[in-house]
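There are structures below to look over.
Both of the next two complexes hold chain A, though its partner changes from chain B to chain C.
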Partner chain A sequence: MSTVNVRVAAIEQVTPLVKHFTLVREDGQAFPPFSGGSHVVVAMDIGGRIHRNAYSLMGAPDDTQAYHISVRRQERSRGGSAYMHDNVAEGSVLQITMPVNLFQLIRMGRKHVLIAGGIGITPFMSQLHDLKRNGFEYELHYAFRSPEHGAFSAQLKSECGERAHFYIDSLGQQLDIPAVLSRQPLGTHVYVCGPAPMVNAVLEAARELGWPENHVHSEQFTAPPMGDAFKVQLAKSNMEVEVTADMTLLEALETAGVGPDSLCRGGACGRCELDVLELDGEIFHHDHYLSDAEKSSGKKILPCVSRARCTHMLLDI
Partner chain B sequence: MERGYRIRSKPNYETLVWKEKASAHVVVAKGAGGMAVLQLFQQMHPVQPVTVFYVRGDSTDKDYSQTLTKLVGDELQVFDTQMEALYAFYRRLPDMKMGTRFYVSGTESFIWSLCKLAALFDIQESEIVKQLSNSLSRPVYCVHCKATTPNVTTNIVACSKCSRKLFVRDHFSRHLGAYMGLMIDAENPGEVPAIEEIYP
Partner chain C sequence: MGLAFKEETFRDDYTYRNSLDAIRRFPFPFPEDKYMYSVNIEPHVKGKPGSVLEFPLDIDEHYVSECRDKAITLARDPGRYASLPHMMDAQWDVLELIMESLSRDYPEQFKLTKDGNRWTWQNLPLGIENTFTFGDRSSLPMEPFEYVGRQIQGDWVILDQREGTLFADAGIVTSQADWSLAFDVGMSWHQWHAPVPRATEIGVMDRALKFMMNLQLGEPVRRLNWTMTLNPRLDTSPENYPLWGPDRNHITLDNAGDRVHLRVELQTLFRLPRSNGIVFSIRCYLISLNELATYPRWAKRFHRILKDLHPDLLEYKGLTKFHATAVEWLSRYDDGAPLDIGTHPE
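This part shows the complex of A and B:
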């Protein structure tokens, strides 16, 4: 995967848990423009081990001087978000991949409804630029815990005016998802990014109301869960790799120099899919990509988020 | 056609069945297609709002408007021409909400005229339940002058706009909502094989 070195030009504490990082290229060149909803993967060298986390780009898609990401400190972090918060300072150098978009606006849509929960606002920050520039019809619904946790809410209020709706949990303000979806005109697309219960509530409400599936878009990057250590055997490279408790199978394969391709690193895109040739235990599937049948077959695994409990698992790589 | 050979572009049609998850239902039918609507209401009268647009059958087609009026009640609108019905349908689209389900029954020409209108509102044809009424007649797109001749029952037809003699192919374009028609006597003008009814 092609990467580029970036320097942290500025850091802003946006909320008690969220920091906004402004990145410029170390070689002084311009970044490529991207499309709203894109993300980059940031590689961090934590004690000699490479962690990679995906973050949505938030700035204007045509701003090629700087890229902007926001990182929420995760309570049960494997180190990535804590590292970004505690160890990265202005002037630090990081490596990022070129932008990839798995959460694109559907340009055919006649109206776009964006639903964000907490830090799930980040992919919409760049999509809103696209929506406004194209003069598209849209609504934003943004739910967060308490007033001080509403990252970018003041900016959104002034930029989106009446199209932005805020729901602050601590003030008892609830987002009524079925009500929002039931009043949308034909040709509307809904996009949701946020915690799993919110994403599921949107998918469920849309299904109940009879929305066609291809009008419903979600981004739910699972932070890879930790688990027990396990070992895997690799058929093609003929070696054994140990996956420690605090790293993902994908990271273990990358550390061993045999990492498969990856895009979202959150169990959403399926790019990292591997065939399981032999298995004497159980796979814990944490992705949103494989079908239930594929999951229970035990023949496939998405190493970016899934783990196993076994003494022998032979992967086709 | 060769046995076992299937043309992938040819659409498959189904039987109209209410979709369970829906906010509203819109049913559009023409002539003999009214039977599919009667069958729908045999299944049930859904709790969600229903609108039925029906084009009365003419002398060459069946007319179910009387039975439909009795069965459907004031959720039914009856029109004398396809044009009027499609126009009324189109004018209602801006007020319709997401979750509205669409059903259509009639000839292929009618079905695909409706699908093309719906596409303007980002409703994909795959989301529309389509039932073919009792005719195989085809809409035929003239690849030369780009006009579409509706309800063609023969293997060869004169284009309704440029009058070229078109051979009706099996190749169907979902985008145009029609079968492709190619000039048959382009090489030897006037040499037109026998015209037969094969899409009764």
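This part shows the complex of A and C:
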């Protein structure tokens, strides 16, 4: 996958936990325009080991001079978000991929309802530009913990006016998802990005209200959970790779120079899927991509988020 | 590159011919003596100077006449251009792709100047000039995709990605080969590709779909496909079958060299930036057997390909009726000596 070197042109502390980074190309060229909901993968060299995290692009899709991402400091970060917060300064150089969109607006939709929780607001920041440019009908529902944690809420209020609704937990304001969905006209699409309970609540409410499945869209990049170390054997490259506790299987394969392609690195796109040829233990599937049947078959694994407990796992790579 | 555009026709009196240069750069698709249907997709990277792969979009000596032929087909059947309303972002993406490529790679023929969103486009070979506002449909004489689609060789289809598949939601299709299904706007990937024999069963189409959905911005891909056409006719659409179908019954050893054409399609796929759609372009190159035999190596190779082609593929490509004649015609060039691997002419 092609990557470009970018320089951090500005950093803004948006909330106590969120920083907004403005990135420009090191070679001075323009970025391509992108579609709302796209993300880039940022590669960071942390102590000689390459970490890669996906972040949504938040700026205007036709701004080809700068890309914008926001990073929330994760409490139990494996280093990626902490590194972005503590080690990246204005002038730092990072490497990013070209934009990839796994959370795009369905342009055929008659109306679009965006539901965000916390840092889940970021993909909508760019989607809103697409919605406005196309003159689409939309509503935004944005829930966050307390007033100081409402990243970009003032900007959204002024840009979206009546169409933006805010729910601040500490003030006792609750987002009633079934109520929001039940008042939508036929042909509406709903998009949700936020913590797992919120995403699940939207999926469930939509199902109960009889929404067609292809009108319900969610983005949930799982931060890869850590676990115990394990070893895998590789059939094609004929080697053994150790996956340490603080490393994903994908990162271990990449470090060994045999990494499969990846896009989202969060268990959403399926690009990194590998066939498991032999297994004497158990796979812990953490992705949102494989079907339940595929997961229980033990024949496939998404190495960007999933791990195993085994003494022998032969992968077809 | 100096480009001399030819005056020629792709219908009625069929005056289409290739110059020696055009023959030399013909994208001959057979590196080996045996042909297998495969997806054979590769990155669409820059090829050798002068080749059809030198630039992302190839313009050649047939450009002006081919655009004229396209205009005739569109005038007779306006339905060959269609676009669903939600494709407007993608239409502008394609306009940008085409205008930027042509003005960068053929600066003597095409000029694009930008003043913010105010763009001026000059197409010197076709004598077209417009100043318009990028993103504003009303500033162009027609929809942006039709506007550029009429100024570029080949067929163009824009795919919208949703529901885990791709939908052909816009297209300008005036030179489809006879074996392709009539293009219907709104068709899904699998509906569109249903007729490829055996390919559906063996999952080729599913894999190709998966691959396409993962197509990356700035990393276009291509593949070559081929068939044969009688007379240098671009519009061999199923609906016009009566106009060209009967030609199949009149091929003899005497006229085959002139009338039987190898038709090679250079298919390219680009991810579109604003819409996240994909544009699929099918650029058609035609060469008569006489022209092909300018390079005996090619005639020899083509003889071997054609002689051993699986009957399913003969049927699918619509070659059955004149296959034996073409093979016999080509056999004169085949001494049976081994040929080295590769598509080079000499």
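To be clear about the criterion, the second predicted complex is superposed on the first by the 317 of 317 C-alpha atoms of A that agree within 3 Å, B and C clash if a C-alpha of one lies under 4 Å from a C-alpha of the other, contacts with A are read in each partner's own complex, and residues count from 1 in each chain.
Everything that follows uses one rule, which is that a residue touches a chain if its C-beta (ideal position, glycine included) is under 8 Å from a C-beta of that chain, and two chains touch if they have at least 3 such contacts.
Note that the structure is a prediction, hence the values are computed from the model and not measured.
A.B. asks: If you tally the residues of chain A touched by each partner, is the higher count for chain B or for chain C?
C.D. replies: If we count touched residues of chain A for both partners, the winner is C.
A.B. asks: Is A:P185 touching the first partner chain B, the second partner chain C, both, or neither of them?
C.D. replies: After superposing on A, A:P185 lies in contact with chain B but is clear of chain C.
A.B. asks: Taking the superposition as given, does A:R25 touch the first partner, chain B, the second, chain C, both, or neither?
C.D. replies: In the superposition, A:R25 touches no partner, neither chain B nor chain C.
A.B. asks: Output check: A:Q104 vs chain B and chain C. Expected answer is one of first, second, both, neither. What do you get?
C.D. replies: Touch partner of A:Q104: chain C, not chain B.
A.B. asks: Under the stated touch criterion, which partner chain does A:K157 make contact with: chain B (first), chain C (second), both, or neither?
C.D. replies: So A:K157 meets neither chain B nor chain C here.
A.B. asks: What is the contact status of A:K132 with respect to chain B (first) and chain C (second): first, second, both, or neither?
C.D. replies: Neither: A:K132 stays clear of chain B and chain C.
A.B. asks: Name the contact category of A:K299: first (chain B only), second (chain C only), both, or neither.
C.D. replies: Neither: A:K299 stays clear of chain B and chain C.
A.B. asks: If we overlay the two complexes on their shared chain A, which of chain B and chain C does A:L209 touch? Say first, second, both or neither.
C.D. replies: first
A.B. asks: When the two structures are overlaid on chain A, which partner does A:R145 contact: first (chain B), second (chain C), both, or neither?
C.D. replies: Touch partners of A:R145: none, neither chain B nor chain C.
A.B. asks: Applying the touch criterion given at the start, work out whether A:H165 contacts chain B, chain C, both or neither, answering first, second, both or neither.
C.D. replies: Neither partner.
A.B. asks: After overlaying the two complexes on chain A, where does the chain B footprint on chain A coincide with the chain C footprint?
C.D. replies: 108, 214
A.B. asks: Touching residues of chain C toward chain A in the complex: what are they?
C.D. replies: 84, 86-89, 135, 160-163, 214, 216-219, 273-276
A.B. asks: Under the definition above, what is the set of chain A residues touching chain B in their complex?
C.D. replies: My answer: residues 108-110, 181-188, 207-212, 214-215.
A.B. asks: Please name which positions on chain B make contact with chain A in the complex.
C.D. replies: For this pair, the touching residues of chain B are 19, 21-23, 93-101, 121-124, 127.
A.B. asks: Given the complex with chain C, which residues does chain A contribute to the contact?
C.D. replies: On the chain A side, the touching residues are 1-2, 32-35, 38, 61-62, 98-101, 104, 106-108, 130, 133-134, 214, 261, 263, 269, 271.
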